[in-house]
């Protein structure tokens, strides 16, 4: 049976990271992009916690940061949703490609 | 007299017309019509003439008492400026040549000034309703200043400066009637053609400055001789151009200046056009003095010439004298006819210089100045009298209306034709001076280099007594010293001296023969001119009726006629013979042209008596035969020789060719330059923009080829285009932003990977990595 | 003295003794709280809010000046229980930045007072966001701990997103804030991922420790590739703050869409914070005693930052061409200027005092001057926008006639941005050029990759960029001075004229006070890098600079 | 207060005063301050006059770097760093300084009829900018600290830009921007050199201190008792300090892999060549001249162009002799091309002002050529040519301006017979244009001849100097061509109806023209007393220094 070690967690985190980036690039829906952001943030969290769990040199700090990140993600989401609503009010859509008036 | 008296007198003589110039410039309008003219006469030339006379008399005494050489040697030099490390000095070149020239210029100029007062009386107010009377005399005074300055200059630089200034005066005076288009065109032509010559002069000047390290005439000559003797400096250079050594180029360069000013072939084109100026100007500047300055220059820098350079000078002189004489035959404008005769005579002088007839050429300069000034004034009298008619075909029979003019003019014709009776030594002007040049040419062609050369050389005459090494310690060639002593007793071959002319080749015989033939042509066209104008029957009633003489104007004619006689016999020939030893490569010149006794020349050269002694008679006779009954016979001859006539009337098409090649060509080049300036630089930047566009093809820019004007626009446009490329990433779509950022970050990371690999390999491979 | 100890002069400082040192931050926090409560007590009027905010800023400034007096040469303190470094530090750099930022914030508030106080209905929120972002920026500069960096970073960012879209009825504002927010979130996320990897490798959030680890292990360690990814990811976050290429895309859009006051604020404050953070981190990375291996890493770092800076200023300048919106034009210009300032960071790679000091001094001088240039330029723009309703370049046509007291300071500010003497903008560039040139003295060697090459290349790129930038600034100047299409006169309030003309005058004056200005900036820098010099600031051994290295 | 400081900042003071005086008096104040500046600068001349006469040898010192009226004070200092406020004059700067104040005064007088201009708004701004420009120009000529020099150099830019851009002709905007961009392009390269020279000198001093074992610093190259411990911006020190010179000119000193001296020389050269201007960099000049108002054209031609030549002589040559040697051929070619090309372009122009502008290109080509060949006569001639052109060229521009004020066009072919219509003006025009033509007895001649002879004399060092000299000499023909053609078309010929009613030069115009005409003649007749006595000492010593360094490094 395959034992689950640090490597596996890191791979998961890397996949999450990649998936998040991919989502951000491809999604046209603002909320979708925010989900991508969350994926990336959480890939970082997975890493942090995994390191704390598996590595000697890492102590409690990683988990503290993970908590901070969760809080930050929440705050960010709050602001982000507000902005999305604002966008919707102005453009009647949350398709980010529509919001391309400012350019050049 | 004390040591610097002569110099001071001469300098005052130079400055006096300058003062006159400023007085006329500032107060001219207030002085009013005749007064301004008289101020010009008195201050502009009267004072210099008096001073020149004093100097001349005094100087004769000094020469006789043997002080002249010392005075020359101790002449004062003022350091005007430092040219690099070489001092540019200014001073009076005090020797017999200067004194003689100075006197001649002041004398002739004075009478022409007087003439002008009368001449301008009827002219000055015509232009645009505003008086330019005072301006005319101001220019004349300025000319006097420049010309006299030129004559006394001790340094090549100042010679050049005054050289340019006389050019300016010539420009101003030719263009005096500048409201007439052709006058200002002629003025420009004159100035620019002269500038072409000056360009050569400047090159010569540069070589003198650089190779001889001085601009002083005497020092330059001394160094030239030293360098020749030692084979250093300019003679050490192996540089050649058309087979000419550097020293030769220097000589030819200096001569180029003379070519311009003396209107030698091929720079002769300006002089006939210069006749657009007022007639006194033609007489003074374009016949007697300024155009002769070229000859004077060659005389002055004779000591810097090499045999090759002299040969070149002779060639140019020979071509000029022949070609211009032929043109003179067909001219119908009285002034043009005289102008071409002037060109031809200048050709003789230059030819003489080239042959080594230093004294003879200068002598011819003097005699020519007198009679040609007189001829021009006569023509001016005619033109003035005939109500500004210059066409000889409409004249004829004027002797009755203007007898003084007629006969003084005739004296001039005799003089230029070289009339004289060989057996008894009576003659006029050219009889002495021109024939002497021809004699020297004969010597150079037929007897030069032969062992028995010197038996033909007249040398025993008393005139030789005057040939002292007058220049004393100053700038004397060693060769002359040797030769000067040797000369008196045993006639050692001149070629044997150590001078630079040691191996001078003989003059090509065809040159000599051309000069001889032209000696027959001259009397012909002069007689034609005189006859058409004064003799025969009046051909135009209107002109004839109007004709009259003015007293103020014929007095100068008479004076100059007398001067023509006097100058042919006394004073000048010995004076230049005095100067010759110091101012020339004495060995050669003295050998072939050393005697002060001009008549002896005719005896010495038996060929002259038969060859040219009666040329005047032949020429006169032919002209008389053709023109005695009006123009009918001439017209018939013209028809027979139509092609030749056409060629001559068009002056060998020089003007046309020059206009096409130089004037039009230059303007064309200029226009091309302007086009380059406006468009090519742009094109380069368009090109740059184009390349940028290709490189940035993905951005799909369309290059705007319109409206590009100037380099800045080009750069700006390229920049703008690049800007479009740079901004093409800013699509306004956030997804693109994230994509671009990620992509770029990925690229950066890959580079970093590569670097890390490199670093790792590197660190493990070597123990001492390069740092810093 | 080992590298670590030298890099951490504050590690030995007792904890908690100097709460005073962080008093400006605390004052700002209290002000925020006061503003939150203000609507409840005093109503939602603009005046009380503005009064409270002004009071808070003034008090904070007073404290900041006091603190600056306390830490003249590197006095520091921290709250961290960790043995490595303080979570928060106070040193001459941070208190210097506090003063600069507070001055700038007063300017922005002044601008807001002129333009928005009449019409704004959400004043409390605006000020909370403004003060919040300021607090975040101050935190970013007052720490070397990665955790605090993240906190400060987000605290600075989140209010900014909201500020950009503050006018809810404005379509452009909504779009701008969306882009800003998404881009910011992405970058923050990537940065966090990078931080997590760094943490895994090093096992600490203390940047001095991380720096020491990198210096020791980057080359030999097997996981150097991971470390490089991690560092690059971390750099993405900082680049976002600075708006350095390739993370600059948000900048023009956000600046164009935001209100002028907000644009002004972001254009200087957030970039300055990012730059000083970068400066601090790079300095820590480079503070080791130089030896071959370290030099190898440092050189790569210097080249990396240098190239990034060069690309940033070139792209910024080039993109500014053809812009028709003045705000957008100035946004690109701010990218370019961030590029110039980043060049100074490349100079920190000096393993000696002189380079650090020259670089950081140049950076600080530049920030100070840039602050006034931008405040002036944006101030005029704001006045024109308020009068004409848009920031098109056409609105500036004939300004010399329409409002000479706006046009003249605008010309001065723009020419200062170009870097034309005798305006202070030139000094900024000048000190950066001098810092770059100082590689010549410190580092010999003539390889193509040497420090020297980098320095001189950057010098040339900088001056060429100056030339490049002239044209687009001149476009505005030309519009204002040489054209006139008869638009009506601009009526600007006297307060506005005071602000912009004061900025313009300062730019002139500061040029002639170049010495004192550099002295002040130099003290901030000197204290940071040379704690020992507090005792004898004037003595610098000569020979160490010239001949020691390599 | 030091007299130089006074001279430099008097116009600036005038500018301040112009801010506050009532509008009708602005021009009075400006003229007053221009006059004051001129008079004060003349007093400087007085001391030189006595000095040059009394102690010909010692006045200029025994080596390059003897200065007068020196003022120096620290301005911006730091560790290993000192920018000084360092002013001084020597034979190189004095004539140019006086030329500047003179042309400034005359141009100011030429602005007197501002109210009659086509664009006559903003008289206050005009004169303020004018005076600021003058301060900048004066500053350039007297600063001897490179940083200060650079500042003054740049200070001129903006006023000039506005003076052309606001009060210029129809295409003023284009011309102004072109001027600005070109000049700034040159000055950014100069900025690189500025930074590089400081650090390379720092390196040099450091190495010298270590090599000589003198931690207290090494001795200054020209100031007794002064010690150098770090790099310097002192233009004289950079030139004469042996340690610095050795390092700068050594073959092993490189900048980005390219030999230092030639590269820096080129950087500086391009900056100055744009100002001069010589051929590849000249295209801004015709536009700027044509569009600028008359007084500004006078300033441009009379003073600004001279800064290029001054820069060569003050910076490029003494500091980088090795570079000078490497580039000599290229520079001479550029000079000759400028002479001929400028003359040809001038010939093809139909715009009066443009013709004069292109003639400036041609004339300044002589300056470059004379400097490039590095001979005494060449240097002297170049310097003289600068002064001479500084007098004749503003005169020509003013002559154009006078007729433009009346006719409101500058089409050469439409003019004619003006000499008859306006005799006084015609006489002045003749003097001015003949001076420009290089007629002996007028100022243009001396410079040309000196340069040509100097170039030829360089043949002993550079074989290419002969053809260069000859080509350059052929320029005199072209010059005569276009000037005479111009005179013929404009001044000669029959009086035209169109211009019949024109008044002759007014008292004010005559008052401006006469000093220039007098100077044209005075310089031509007495070059030693008017120019050479004040310049040659410094120039010869500088050349000695240059030749010495070249000999040392090669």
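The chains carry the letters A, B, C and D, assigned in the order they are written, with residues numbered from 1 in each.
In the analysis below, a residue touches a chain if its C-beta (ideal position, glycine included) is under 8 Å from a C-beta of that chain, and two chains touch if they have at least 3 such contacts.
The structure presented is a predicted model; accordingly, all values stated were derived computationally and were not measured.
Student: Using the touch definition up top, find the fewest steps from chain A to chain D.
Tutor: The fewest touching-chain steps linking chain A to chain D number 2.
Student: From the Cα centroids, identify the chain that ends up most central relative to all protein Cα atoms.
Tutor: That would be chain D.
Student: Return the chain whose centre of C-alpha atoms lies at maximal distance from the corresponding centre of chain D.
Tutor: Taking each chain's C-alpha mean as its centre, the farthest from chain D is A.
Student: What whole-number Å value describes the gap between the mean CA coordinates of chain A and chain C?
Tutor: Their C-alpha centroids are separated by 27 Å.
Student: Averaged over CA atoms, how far is the centre of chain C from the centre of chain D? Could you give it in whole Å?
Tutor: Result: the chain centres lie 42 Å from each other.
Student: Take the average of all CA coordinates in chain B, do the same for chain C, and state the distance between these two points in whole angstrom.
Tutor: So the centroids are 76 Å from each other.
Student: Give, as an integer number of Å, the spacing between the C-alpha centres of chain D and chain B.
Tutor: The mean C-alpha positions of chain B and chain D differ by 36 Å.
Student: For chain B, what residues touch not just one other chain but two or more?
Tutor: Where chain B meets two or more other chains at a single residue, that happens at 716, 727, 730, 732, 734, 738.
Student: Where in chain C do residues touch at least two different other chains?
Tutor: Chain C, residues with two or more chain partners: 178-179, 182, 186, 190, 252-253, 322, 471.
Student: Residues of chain A touching 2+ other chains?
Tutor: Chain A, residues with two or more chain partners: 21, 24, 33, 96, 99-104.
Student: Any two chains that touch count here, so list every such pair.
Tutor: Pairwise, the chains that meet the contact rule are A-B, A-C, B-C, B-D, C-D.
Student: Can you tell me which positions in chain A touch chain B when the two form their complex?
Tutor: Touching chain B from chain A are residues 21, 24-28, 33, 96-97, 99-104.
Student: What part of chain C is in contact with chain A in the complex they form?
Tutor: Chain C residues touching chain A: 146-147, 150-151, 154, 158, 161-162, 165, 168-172, 174-179, 181-182, 185-186, 188-190, 192-193, 195-197, 199-200, 202-205, 252-253, 256-257, 322-323, 328.
Student: Tell me, which parts of chain A touch chain C in their complex?
Tutor: Against chain C, chain A makes touches at 10, 13, 17, 20-21, 24, 30, 33-34, 36-37, 40-41, 43-45, 47-48, 50-51, 55-59, 61-62, 64-65, 68-69, 72, 75-76, 79-80, 82-84, 86-87, 89-91, 96, 99-104.
Student: In their complex, what parts of chain C are in touch with chain B?
Tutor: Going by the criterion above, the answer is residues 178-179, 182-183, 186-187, 190, 218-220, 224-225, 228-229, 232, 236, 245-247, 249-250, 252-253, 292-293, 295-297, 299-300, 304, 315, 318-322, 443-445, 447, 450-452, 468, 471, 549-550.
Student: Would you pull the chain B residues touching chain C in the complex into a rising list?
Tutor: Interface residues on chain B, with respect to chain C: 716, 719-720, 722-724, 726-727, 729-730, 732, 734, 737-738, 740-741, 743-745, 748-749, 752-753, 755-756, 759-760, 763, 768-772.
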